[in-house]
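Each of the next two complexes has chain A plus one more chain, namely chain B in the first and chain C in the second.
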Partner chain A sequence: MAEKPIQGEKRVFMTGNEVIAWATVAAQADVMYGYPITPQNEIMHYWTRLAPKYGKTFLQTEDELSAGFTTIGGVLAGRKCFTATAGPGNTLMQEPFSMAEMMRIPIVAIIQQRGGPSTATVIYSQQEVTLTTFGGNGEGHRIVYSPSNHQELFDYTIKSFNTAWKYRFPTFLLGDGYQAKMREPLVMYDPEERGIELIKPEVSLGNGMEKGHYNHLRNTFNTEEELYEIIMSMQEEYERIAPEIIEYQEYNCDDDLDVLIIAHGVVSRAAQEAVSKLRDEGYKVGHFRPITLRPFPEQELRATAQRAKKLLFVESAYGQMAKLVKEALFGLQLEAETLYRPGVGITSDEVIEKVKAISQQ
Partner chain B sequence: MSEEVSVATNSLPPRLPKSYNIESKPHKFCPGCGHGSVLRAIAESIDELGIQDRTVYGCDIGCSLLSWDFFAVDSVQAHHGRTTPVITGIKRANPNVIGIAYMGDGGGYAIGSQHLVNAANRNERITVFLVNNTNYGMTGGQMAPTTLPGQKTETSPYGRDIEQTGQPFLGPEMVAAVTGEGAYVARGTTSNFIQLKKFVKRAIENQVNGKGFSFVEVLAGCPTNWRTDAKDTWGRIENDMANYFKVGELKVPAKEE
Partner chain C sequence: MKRVIEAYIGEYASGKSEVAINRALQLKALGHEVTLVDLDTVEPFYTLRPLKKRLEDEQLRVIAWDPKEIMGFGETGVLMKPEMRWALQHQGDIILDIGYGVQGAKILDTLEGGVGNNEIRLYCVINIGRPMTSSVDDITEYVKNIGGVDGLINNSHLGEHTDIEFIQAGSDIIKEASSILNIPVIATTADEKFRPQLGTKDKNQFEVRYLQRWMPSALW
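What follows is the complex of A and B.
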C-alpha cells in the first residue's frame, strides 16, 4: 500500500469536489457509497481514482436510498464511510438519514446544494438548508457545517468525520454547486502531522463476542413512553454537546452597527466583501456567519444582533437560513430586511446596494 | 388434581440452537406463523457452520421485524425494504462478516425490489431470506406482490384481480435470471422443514465460500390474516402456493473440480 496520500503541506489549485475527495482520503475514510447526481459527481470521480491506491473502496449503488443505507451498514461494521448527494438525492436520503439519527450512527454526508424544489437546476442554491438540518421524521439531531471556501471544504470534511465519530450524530458538510465546481487555491495537509487526532471508528456489528456481547440494534419501539425517553435523552445530549460543536465568524462586529448582515456558506463571501467596501465608505456594517447551522450559534448571534439597528438576511433561498436565525432571536425586538434569491448567486454589489438602500430609510 | 409440577422440573429442556437468544424466547410470532421455522433453520445453520461470531443478521420491517433480537448474533433492524443495502454496506466494509438479510415479500418484492434486483445483479456476497406468505401480515393483511389470483385480502376484498394488479411475483426466478456465476437461488417451504433447512444452510455456506449472491424464498403460512385453521393453512401452503411457486433449487454454483 502507498504511503500517506498527503505528506507535509501541499499548495494546490483545484475544484471543490476534488478538494473533498482528497480530504476524505486524508481523514482516513474507508468506503464511499454513492449515486450519480450533479453537482457532486466529481467527488466520486476523484474518490474512485484515489481510493484503490490507499486500500479504500467504492460502491456505486442503485439509488440514493441504497447509498444512504449502505453507508449506514459500513459505519455499523466499524469503518469510516461516507456518501455525497444533492437536491432530489438529498430528498431520498432523508430516509437513511433519519435512521442514522435515531440509531446514533455516525455517517458523514456531503451535500452539494442545487436548485430546488424537484429536479430544478443542477447548478447552485442554498435551498437544502431546511432539508439538511431538519429533514426526515425527527427532531433534527444532526450536525451541519456550512463551509464558505475551499480551504474550509478541506478542513471541515476532515472535521466532519471526527465530529460524527466523537458525538455519534449524523454529520453533514453542506456545500453547494458553486463551491463544488469552482477552482481555488488552498493548502492540503495530513491532519495527524498537524496534530489533529483522527478519532478511531468503533465496530458495532460483525465482531461477535469480541466486544463482550452481541448487539441488537433497532429503531422501532413498542410504547410511546419508550420512544419519549429515547428522544428526550437524545435532545438532552444534543444540548449538552452543542457548545462544543458550535462555530461562527464575525466580521467587523465589534462596535454598534447600523446593519448586521447574516449569511452563510458561499454567500458569506459576498457579505464579507460588501462589509469591507462599505466600511471604506464609512458605513457601520458588520457580518455574522454561522458555520454550524445545526447546532446554531444562538447565544452568540443574540449578543451581536442586539447591537445592530437593523438585520439583513442574505441567502440563495427564500428564507431557509432566516428561519434558523429567527428561531435563535426569538423574543428580541429587532428589525430585519431580506435579500432572498432562491437558486441564484448573490454578488457583493447586490449586498452593498441593499445595505445602502436600508441606510437611506 | 394432584399437586402442581412445573414444566421445568417435569420435562427435558428443549434442545435449542446455540445461536438462539434465549432471552427473547418464546418468540413473538402468531401461533401457526411460518417465521419460526425459517428462523430455526437459520440458527441451526449458523451453529453447524460455526459462524456465530462472524454473522450479522439484519431484519426488515413487517413481521420479520419481530426477529430483531431472535438470535445470539450481532443484529440490526433496518427500514422497510432497506435491509438488503444495510447488509450490503456491512459486507462491503468488512468482507469477513457473514451478512444475512431477512425480509417478507412486501419488503423484498415491492418497496425494496430495486435493492434486491441490483444486489443480485452485482452478485453481492450476502444471503437474503425472504418469507412469502402472500400478504402484508404486520399491517393487517393487505395484498402483497405474491398474493395468489383470486385471494382475498384487506386491499383486494373481492379477490386479487390479476388483470388489474398483475401476476404473483416470482422472486427466485427473477433472481436466478439476473445473478451471475456462483449465485445460489432456491425456493423452500415451511411444509418441508428438512428440505428447507438444506436450502437455508447451502445459502449461507455459499457466502462462507465467497461464491456469490444467495437467495432463498420460503413459502409460509399466515393463519391470522388468512383466517384459516391448521388444516386449511397447511393445505394452502402445500397446494395452492406450491402449485404456483415451484419449490426447489433454481441455481446452484458449479462444483469445483
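What follows is the complex of A and C.
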C-alpha cells in the first residue's frame, strides 16, 4: 500500500471536486459515505480511485438520509468520516446534520451548491447558504467555511476536519458548482509536513472504547426544561469558541469608503477584481469577504461597515448571505444596495457597473 | 493523400477538448476539410458545446449539441446526437473529442464504421500536472488501462502557473512512459505565448503544437 498520498509540495492542475477528494485523503479521513449528485460526483469518483490505495473505504448508500446517518455511525465508531452532497441532497441530509448538531458529533460535509428550490438545475448557485448555516430544527450550531479558490478548497477541507473534531460541531465546506468544475493550479501538500497537527478521532460508542467506560449519547429529551438547558449550554459554548473560528478577508478597506462590497465564495473573486479595477479608476471602494458564514464575523464587519457610505451585497442568491450580514449589522444606520442574481454567475464587470451606478447617485 | 482521423482521449481535465479543437484548426489552416465531433458524453459540463457557433465561423464542420437544443447539462445532457453516429462518413479529416477514461473510449464502438477501423488514431492527452497521471508508472498504467492507444500527447501545464520547465519535465516523463509502452509521443502542446522560447521542437525533439485557448469560455 502506498504510504502517503502527497509527499512534499506538489504543483498540480485540477478541478475543484478532485482537489477536495485529495484533501480528504491528505487530512487522513477514513471513510466517505455518499450518494451521487451533481455537481459533487467527482469527489466520490476520485475518493473511490484513491481510497483503496491508502486502506480507506467508501459506502454508497441508498439515499442521502442514509449517507448522513452512516457518516454519523462511522464517526461514533471512531473513524474520521465525511460526506458530500448538493441541493436536494443537502435538504435530505438536514435530519442527520441536526442529529449530529444535537449530539455534538463531529462530521464534515462538503456542499457543492446548485440552483433551487428542490431539484431545479444541476449547475450553480449560492442558494444553500440558509440551508447549510441554519437548516434543521435547531439553532444553527454549525461551522460553515466558504472558500473561493482551489488552494482554499484544499486548505479548508483539511481545516474542516480539525475544526469538527476539535469543537465537535458539524462542519461544512460550502462550495458551488463552479468551484466544483473549474480547473485551476494549486499546491498540494502533506499537512503534517507543514506542521499542521491532525486531530485523531476517538471511539464514542461500541467496541474499541476504553474498558469500563460508557457514553450516554442522547438526541431526545423528555422535558422542555431539559432541552432548554442543553440548548443554552450549547449556545454558550458556541459563542465562547466563535472568536477562535471566525475568519474573514478585507480588500482595500483601510480608509474611508464610498462603497463596501460584501460577497462570499466564488463571487468574492468577481468583487476582488472589481475593486482592483475600480481603484485604478480612483473609486473609493473596498470588499469584505466572510470566510466563515457560521460563526459570522460580526464585530469585524460592523467596524468596517461603519466607515462606508454605502454597502453593496452581491450574491448568486436572493439575499441569503445578506440575511446574515443584516443580522450582524443590526442597529447601525447604514444604507445598502443589492446585486442579487439567484442561480446565476456574477462577473466583475457587473459589479463594476453596479458600483459606478451607486457612485453617481 | 491519406485523411486524418484522430480521437483524443485521456484523464479527466487533461485538456482533450482544447487539444482537439486546436488540432482541427491546425488542419483547417493547412487547407483540409475538417469535421470536429464532440463525443464527450461522460461529463458534458465542460465540453466544446458552447463554442459550436464560434468554431463553425472558423469554417469547421462541428458535430455537437447546441446548448439550445438540449435540456440541462450534467446527468441530463448525455444523449448522443444522431449525426454523431454517422460522423465517420464525412469526407476529409475528422477529429473526435472523447469523454474521459475507459468509459469515454467505449463510445468509438457506437460510431458507424468505428469498430475495427484502422484509420482511427487514438491519442491519449496527458498532463503531468494532473496528480493521477504525474509519474511514469501512473501514466503507463493509465494508458494500458484504456487500451488501443496509438500515440501520446504531452499537454503538461499548470494553467497560468505554467513555465517552460514544467512543459519540458512533462516531455521527459511522457517520453519514458512512451518507451515502456512502446507507443510514440505524437506532440507536445503549449500555450501560444511560449512559442518564442520553445520553438518548433521541445527538448526531446517532439513537435510542439501551439494552443489558442478556447475552453475557458466554455464553462457553461
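By our rule, the second predicted complex is superposed on the first by the 356 of 361 C-alpha atoms of A that agree within 3 Å, B and C clash if a C-alpha of one lies under 4 Å from a C-alpha of the other, contacts with A are read in each partner's own complex, and residues count from 1 in each chain.
To be clear about the criterion, a contact is a pair of C-beta atoms (placed from the backbone, for glycine too) under 8 Å apart; a residue touches a chain by one contact, two chains touch by 3 or more.
Keep in mind that what you see is a predicted model, and the values were worked out from it rather than measured.
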Clash or fit (per the criteria above) of chain B with chain C on chain A: fit
Touching partner for A:Arg183 - first (chain B), second (chain C), both, neither: second
Which superposed partner A:Lys10 touches (first chain B, second chain C, both, neither): second
Chain B versus chain C as contact partner of A:Thr38, first or second or both or neither: second
First, second, both or neither for A:Met209, with chain B first and chain C second: first
Contacts of A:Glu95 with chain B and chain C, given as first, second, both or neither: first
First (chain B), second (chain C), both or neither touched by A:Leu76: first
Which partner, chain B or chain C, touches more chain A residues: B
Spatial angle chain C-chain A-chain B, Cα centroids [nearest 10 degrees]: 100
Chain B versus chain C as contact partner of A:Ile123, first or second or both or neither: second
First (chain B), second (chain C), both or neither touched by A:Glu18: second
Minimum C-alpha separation between chain B and chain C after superposing on chain A, in Å: 23
Contact residues of chain A, present in both the chain B and the chain C interface: none
Complex contact set, residues of chain C against chain A: 12-13, 43, 45-46, 72-76, 127, 129-132, 134, 157-162, 166, 219-220
Chain A-touching residues of chain B, taken from the complex the two chains share: 21, 52-56, 61, 65, 68-69, 71-79, 82, 85-94, 96-97, 114-115, 117-118
Partner chain C, residues of chain A touching it in the complex: 10-15, 18, 22, 38-39, 42, 45, 49, 121-124, 178, 181-185, 188, 345
Parts of chain A lying in touch with chain B, wherever the complex brings them together: 30-31, 33, 57, 59, 61-63, 65-66, 69-79, 81, 95-96, 99, 204-210, 214-220
